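Common to both upcoming complexes is chain A, partnered first by chain B, then by chain C.
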Partner chain A sequence: MIELVLQALYSGFLQGGSYALIAFGLALVFGTLKIINLAHGELVLLSAYIAYTVESRMDVNPVFAIPFALVLVCLCSVLVYYLLSFIRKDRELNSLILTYGIAIVLTNALLMIWSADVRATTSPWLQEALVFGPLASMRSELIFFLVSLILMGALWWWLARSWYGRAVRAVASNREAAKLMGIDPRLTEILSFVVAGILASFAGVALFSYGVIHPPLGEALTLKAFTITVLAGLGSIPGVMLGSILLGLAEALTVTFASSALQDLVGMILLLIVLFVLPNGLFGVTGGRG
Partner chain B sequence: MKVMLLRWAVVVLLAYFFVPWLFGANAYLMSLIVASLVIGGVALAWALLGNLGGMISFGHSAFFGVGAYVSALLAINADFPIWLAMVCGGIGALLVSVLMLPTLRLKGPYFAIAILAYAQIFRIIATEWRSLTNGVAGLSSIPSLPAVLWWESGSKISSYLIVVTLVFAFILVYRWVANSHYGLALRAMHESEDATRVVGVNSTLLKAAMLLLSACMTGMIGAFNAHYINFLEPDYAFGGVWIVIPIVAAIFGGYRTIWGPLVGAVVVYLVDQLLFKNIFPSGHQIILGIILVVMILFSPGGLLPLLTVRTRKRTC
Partner chain C sequence: MLKLEDVSVRFGGLVALNNVSLSVGTNEIVGLVGPNGAGKTTLFNVISGLVKPTSGRILFDTHDLGSMPVYRRARLGIGRTFQIPQPMHELTVRENLVVAQRFGAGKLDSVKIDEILEITGLDDKSERDASSELSLTELKSLEVAKALATAPSLLLLDEVLAGLESVGKRHFMTLLKSLHERFSLGILIIEHDLETIASLCHRVVVLNFGEVIADGTPENVFRDPEVIRSYTGAEHA
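Right, the complex of A and B next:
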């Protein structure tokens, strides 16, 4: 029993790593533009399918798909920004609908190109089990957990120390004031979409390397990312990290003790509870969303 | 006023006499018309919430699915008469929306996402509650719709007459709300919710009423659809299509008007089914996404207002 719990906690913990990558992309865009990119999960999924294509066509480890994914997903991400920048009237609602439309286009494009079949990696190297005492995981899970830790560290450094990262934060907290300080808001917004794209590319390849992918997954990913974002509260990297791990743990425990079909239910219920009970998240700065 | 009455008379005459008379013999055409009216009904309910309530919902599939399942289960297990089961389907969807009431505290995107989460939750429940819903296998041989006049039960024409009546009832309800002082308060809330509250309007109550009404309407259409196609499965009844098509239809036709969503639904559904389903058998919904993106970018108010603006300019 106790091993089962430990194992569930361990897998959930590792899963949290790639959730953090997805969630941070969403949070970054939300920070600068105040828009939820409903197509974000689809961007992650696009990267996962690129990994699949690279693996099945070129017969190499899906990790080598990362450069291709980076280029394509970042391009798509910037395209989303480009389309969003056309919106003038009723910005909040219209951009929500716009990203929803983009999500539909992407989901169906994935469906048309790669069909509705469920795909998973065939690489034995990635799927090999690594065992530490009572805890077992696939090699890919561990690798991508480390990758996401490194990326989160880099992101923290970027946001906290570099000029552009601070510009992004400035635009997020007060766009007008940031403008007066000589920051080009458009540039920082594009930058936030590019960084979101980079994170999504890594997350997508991670997703493919230890899980199964199919076209409808994108929406679930967006919802998970959003759950983590509200759980964390806006503008907190440790919060996103912790929120992701929390979601990963909750899901893993559900799979272990109830059924894998209820896995997504937990995330949704967590989302609603947080929205209703803790509207500022666990670590968020105070600021209304209610 | 006279012109108004005349216009209504023409529409009613067309809907009740000419459509069955002209197309009644063609089963394929009738099924297309019924299906587009089903979507039109959902789009109208969606637009009621979107236009009057000012809330963009990504969760109407929850109402549609719950309405369908409640009605089907009551008709199968408790031998309810179909029309009563359909009303209960509407009430079931209304109860679901009562569960959603806390979301009204949330603003714009948060509301939209919370509703999206609700829709997912209900789909998962319908899939997993096997003892009641029969899980993924779904419910089959759901009792057909009652007979209307001399057309037999379950025939295309009687189904058509029922759905057309439902849609007309929706239009009347929508018009009544929009023209009442509630409608005025709701329009005022669009300009500034705070200012409207200051004048003494209970804005939360009004928004809640719109949510319940919209849910009930969607549930009844869902119930109709369940008895019309006699089969339900969770992925269909709670499918993304019931979220996407009404949004596309309402945005395409213009959700600020009453006829916009209806016309939009018929046009979008027919174009999708007749044209794009043949060109791209899988993933043909991509066209819905494209329509949505293009409409939002170029004419967020919809196509119908665009046309009327054009003609008005010409007459000036």
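Right, the complex of A and C next:
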């Protein structure tokens, strides 16, 4: 029994790392633009399909798809920003409709290009089990958990130490005041979409490396990222990592002790509990501007 | 340095500013006064670029500001504070200034940052979180310090003394006089306290219902019957 619990916690912990990659992109864009990119999950999925194509056509490890995914997904991410820039009124609300529309277009594009079949990696190297005492995982799970930790560290450095990272935080904190400090908000917005694209690229390749993919999955990914962002507290970047691991753990324990059919439900229940008990999320910013 | 020519702003049917013309010279302190709703903050918004004028021209040094975005005006040398302080949350006091200097002035000068922290009285608060660990007077000082960090030649101060107790007001009076001397700034200041305006400003511009009704030295302006009428009502004029 204890071994079962430990294994579930271990799997959930590793899963949380990948969720963090997906959720950070959504949270970063929300922080700078105050919009929720409902097409974010589809961008992650696009990267996953690029990994599938590289593996199936070039017969190489899907990890080699990362450079291609970075270029294509970042381009798509910036394209989403470009389309959003046409919104002149009520950007917060209208962007929901626009990005939902983009998500539908992307899902159908994925269906047209890659069909509705379920895909998974065929790489035995990635799927090989790594066992540490009572804990077991696929090699890909462990690799991408470490990749996630490295990227989170890099992101933390970028936001805390680099000039443009600080500018992103300044715009996220107070857009008008940031402009008066000489910061061009459009530059920080584009940067946020590029960074979200980079994270989505890695998340997509990770997803394909240890899971199964099919075109409608994007919506579920966006929903998970949204759940984590709200769990962490809207505007709280540091809380995203913990929120991701919390969701990963909750899902893994549910799958182990209840049913995999309840996996998505547990995230929603967690979200409701946090919203009832801590309306600002686990790390929510309680103060407003001024 | 700053010159407004027949600037008007309309919000639908509401005329917020009507053919406003005024100027602020280099190293000059100009007070902008008027009853509530006179259009003072709208005028600041127009100069800093947050609101586009319906008509008229705004000239700054040799530049016609036209539809120049806010951040470029800040880089050009127009610093602005808000009546309600707008610190950057999650950044320390020093980080607020360093970011403003890096993007507003386009260079890094830690000596200048130390000088600004010292003159605004924030030198011992520089590592504090700007959003949660400062008093109102300190937040207002930070507002001025942020604007100074962008290396402005013109400073727009929107009611920096509002809400402060007498100690805080004295601190700010001293601060404004000393930064004017040390940084050779042109200052346009909105303030309701006419005594403060009289003791601080070289010139006063009075706005009422979006129009300039007086422009001159504090002594002359505060004796102007139309100005007295706008503040106290026709029967006192």
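Of note:
Criterion: the second predicted complex is superposed on the first by the 278 of 290 C-alpha atoms of A that agree within 3 Å, B and C clash if a C-alpha of one lies under 4 Å from a C-alpha of the other, contacts with A are read in each partner's own complex, and residues count from 1 in each chain.
In this text, a residue touches a chain if its C-beta (ideal position, glycine included) is under 8 Å from a C-beta of that chain, and two chains touch if they have at least 3 such contacts.
All values reported here derive from a predicted model rather than from experimental measurement.
Looking at the shared chain after the overlay, A:59 reaches neither chain B nor chain C.
After overlaying the two complexes on the shared chain, residue contacts for A:170 are found with chain C alone; chain B is out of touch. Contacts of A:183 after superposition on the shared chain: chain C is touched, whereas chain B is not.
Put chain B and chain C next to each other and count what each touches on chain A; the higher total goes to B.
Contacts of A:272 after superposition on the shared chain: chain B is touched, whereas chain C is not. Of the two partner chains placed around the shared chain by superposition, chain B is the only one that A:89 touches, whereas chain C remains out of contact. According to the touch criterion, the shared surface of chain A, contacted by chain B in one complex and chain C in the other, consists of residues 289-290.
For chain A in complex with chain C, the touching residues are 163, 166-167, 169-170, 173-174, 176-185, 285, 287, 289-290. Taken in their complex, chain C has these residues touching chain A: 48-50, 69-71, 74-75, 79-80, 82, 84-91, 95, 98-100, 102-106, 131-132, 146-147, 149-150.
The touching residues of chain A, when paired with chain B in their complex, are 35-36, 83, 86-87, 89-90, 92-94, 96-98, 100-109, 111-112, 115-116, 216, 219-220, 223, 226, 230, 259, 261-262, 264-265, 268-269, 271-272, 275-276, 288-290.
Residues of chain B touching chain A in their complex: 56, 58, 102-103, 105-110, 112-114, 116-118, 120-121, 124-125, 127-128, 240, 244, 247, 251, 280, 282-286, 288-293, 296-297, 300.
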